[in-house]
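What follows is a structure written as structure tokens; I'll ask about it next.
Chain naming follows the written order as A, B and C, and within any one chain the residues start at number 1.
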Amino acid sequence: MEWTYTVRNVLVGSSLLGLTGGVLGCFALLRRQSLLSDALAHAALPGVCVAFLLTGSKSPEVLLAGAMVAGILGAFAILGVIRNSRIKEDAAIGIILSVFFGIGIVLLTWIQKLPSGNQSGLDRFLFGQAATMGTDDIRLLSAVTLLVLFAVVLFFKEFKLVSFDHGFGVSLGLPVKLLEFGLTSLLVLVVVIGLQMVGVVLMVATLLTPAAAARQWTDRLGAMLLVSGGIGAVSGSVGSLASATIPRVPTGPAIVLVSSVILVFSLMLAPRRGMVWAMLQDRLVERRIRRENLLKDLYLAGERGIGFGSWVTLPILMGYRGLSGSGLLRSARRLVKNSLLERSGDQLRLTADGIREAAKVVRKHRLWESYLSRRLELPPDHLHRDAEMMEHALSDEVVDDLDRRLGYPERDPHGKPIPREAS
Amino acid sequence: MTGAGAVPKTGLPAVEVHDLTVAYRSNPVLWDVDLKVPEGRLVAIVGPNGAGKSTLLKTILGQVRQTTGWVQVYGEPYATRRSWVGYVPQRESVDWDFPTLAQDVVTMGLYGRIGWLRRPGRRHREIALSCLERLGIGHLAGRQISQLSGGQQQRVFLARALAQDARLYLMDEPLAGVDATTEKAITVVVVHHDLQTVPEYFDHVVLLNMRLVAAGAVEEVFTAENLQQTYGGRSSILTRAAEALFASKATLKE
Amino acid sequence: MSDTFVILLVGCMVASSCALVGTFLVLRKMALLGDAISHSVLPGIAIGFLLSQSRSSLVMVVGAGALGVLTVFLVERLQRSGRLYADASIGVVFPALFAVGVILISRYASMIDLDLDCVLYGEIAYTPWDLVVVAGTTVGPRAVWVTGLTLLLNLVVIGLFFKELKLVSFDPGLCEALGFRPVRLHYLLMALVSVTVVAAFESVGAILVVAMLVVPPCVAYLLVDRLVLMLATAVASGCIAVFAGYGLARVLDGSIAGGMAVAAGGLFILAFLLSPRYGLIASWIRRRRAVGRYPAQ
């Protein structure tokens, strides 16, 4: 890769666009305007064409002004259709998106056949051509970035309120409509600026993907804006460098691919919200349930007359729940390590600590059954399965509270004794 | 925050609604409603689904525009009395997965006082925290709002209204913990769904079903006859509520 | 067959297929999932093309269909995981897949005779010259065969599952309770959308497929209330848009597909204003009359 003027321009431009797109994308995401921003990108096309037809100028300011007007018109058209007909939002967005774009295509093909339009370069709005960015474009983009950041910092608290609870903003007397119009206008501004870099289709990802990724890492709006802007800028720079290094990889798709990879990574691994952690958590819970079941089965065997703490063979235990021996032994291993269980060959027995732990599980089960039968008046044969799940979910405090509310019952609805805390 | 009895009475009706009609498209939601809510009362708005209860509140708050009629809050239009009014919207009206903490939501109640271009400072956060504490959920201040239970979310909204330090509270949600706001001169208007508890909690009731059926003190207005008219006499809950009412009246008289 | 006839025939068959599946999309409030599919099939087309080295192969259709179903699957997984809003899930999935498609096509552009402009806004004008030759004899333009078969497929599937689709659009919960497996029906519909989109791709392009999927069913939605009538009206207004659009494109000497989208938009505006039941003017008149009704009871 050669460090040329073009490469530098593209790098700076993509990073700036990523930054502003990421910041504004958060508001688009939270205000459920994800697909509105897609429609805005499409609706801008006829504006570009009309601006060119009216002025004959190709300067970015003129074309963008046209795009801006068309974008805002598109937004109002969507609102108008939703408010004044039975058409729902998704269909309204689809209609405006495709019809405006159709108008744009018709005008574009017409312009290209005009003598003056031959080399108009308007088609870069379709796919985006970051490589054609000049110093003028960078200057414009910097100005827009500054404007957006300035506005967001200045009106952070109002934008936040409007995005979270529109009605409350009205009741406080905030000019909610004006604020919303301001946010949407900024969005349109960034969309039309971004169009010539990443193109109509991918513009929506420049806004949403960093915001969606940032949401996974934080629970506060301020932090989300920062992280999202950061992810946008990083995707912009990495994507543009990749497209400069690898032949025949266009810039826009490269940027979107990088941010999409970051999104997947965030969805999987972000602390707390990451899907991988959730899966691990589920596994841990599942194992705990299996251990608790084993303790309980041993306890119940003891209760049936062989005495707590006597040896029970593996085949008998396997019979209770139709489990495999190896699975049982896996659960047993941890319990043996915590000295709740002793093992000798294929026999298992509870230790004194183990009996106490098992009694706790049984207590939860029987108290829950008592609660169900007393409060919901369920017949006894409906109680067991529900209690089988609740015994692993109830916390100790809840169980004590349950016990107190039930008046410390001695026996459960089936007449079995409810073990008390060993005191 | 309000100290006990810090708010002197104005002698004006807290809410006055005159000849109010509200229509969505061509369907009327409220029709020709005249209503006066006296100051310092606990008021329940009661009526079947789609009776226009929420719409009435939203119209008072200027969120919904009326087709005809006018609304006054303490003798003035809402716009000039804004700082006197606190609002608790329905819980479902917002996105609880929004990236913000319980305390931040309560701070929003102070935005009107903080004003443009300034950020909430430490003082504002302290007020917010004390409002949460008054409702017994001070320890949840730093929780992301999706990690609160439904009841806790309701209380966060109530705390936000408390932070508004108002003399009229409009609540679009039946709440446990309404008593946290009670104070002599303060008026609380609540959209209430549980008919049986009306005589227990409230001293004033508004019966609404697109038109105003009746409004006044609970013991005068909350009668089986009026309820019949409000609900069309279909609901069995209704009969039970009426029975509960008569039972409570009977015990009162004894 | 004259060129004009072929173009109009292909256009009408595309419009009819799109109107049929689009009606269900609009009723199920999934119009934008159709939009997403129309973009995200691109890598499927590119891969199918690379594998088979031909434009008309079944591999390409299968690839695109698979990507369409993958899109639906990803969007739903994201939505159901509770980590992203429904609309945002759509908004992040299809650009990512589209980006992969664009990169594939531009990386291997020399091998693929597939050009991006054509993918986006199609070239229905060339369809009459792209002929299918079987055993030495030409049997007509390829696009006629492709879109015709798609229309047939749509008619057969919707005919077979009409009552189930109707139920699932109206009340997915009830549908499940009656044992009809709404999830399977959902994927069936989405696979149908994918196939329809791929078939329409070459003639009207990815973005204008959306116009055909969404606009005619919405026109019908504003005019009629019964599902069968809505399907018929959607097909009819799709075909009218094709004729009007072709005329418009002729007059302006512009893109035919673009013209069809504009014409569909024109039909929508007419229905939006003039529909006797749900039109703007009708409801305005009703509102005027309403003032002064509702007398004291």
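As a convention for this text, a contact is a pair of C-beta atoms (placed from the backbone, for glycine too) under 8 Å apart; a residue touches a chain by one contact, two chains touch by 3 or more.
No experiment lies behind these values; they were computed from the predicted model shown.
Looking at chain B and chain C, the chains in contact with each of them are A.
Taking the mean of C-alpha positions as each chain's centre, the chain lying farthest from the centre of chain C is B.
Distance from per-chain Cα centroids to the pooled protein Cα centroid is smallest for A. If each chain is reduced to the centroid of its CA atoms, chain B and chain C end up 48 Å from each other. If you average the CA atoms of chain A and of chain B, the two centres end up 34 Å from each other. Averaged Cα coordinates give chain A a centre that lies 28 Å from the centre of chain C.
In chain B, no position touches at least two other chains. Within chain A, contacts with two or more other chains are made by residues 32, 215. Contacts with at least two other chains are made by residues 85, 283 of chain C. Only residues 58, 61-63, 79, 82, 85, 87, 89, 93-95, 98-101, 104-105, 108, 111-112, 114, 116-117, 119-120, 144, 160 of chain B touch chain A when the two sit together in their complex. Partner chain A is touched in their complex by these residues of chain C: 26, 29-32, 34-35, 39, 78, 81, 83-85, 87-88, 90-92, 95-96, 98-100, 102-103, 106-107, 109, 116-117, 120-121, 207-208, 210-211, 213-215, 217-218, 221-222, 248-249, 252-255, 257-262, 264-265, 268, 272, 278-280, 283. Remark: chain A residues 30, 32, 154-158, 160-161, 163-165, 167-168, 170-174, 215, 218-221, 223-224 touch chain B in the complex. Interface residues of chain A, counted against chain C in their complex, comprise 29, 32, 34-35, 37-38, 42, 81, 84-88, 90-91, 93-95, 97-99, 101-110, 113, 123, 126-127, 200-202, 204-205, 208-209, 211-212, 215-216, 248-250, 252-254, 256-257, 260, 263, 267, 273, 275.
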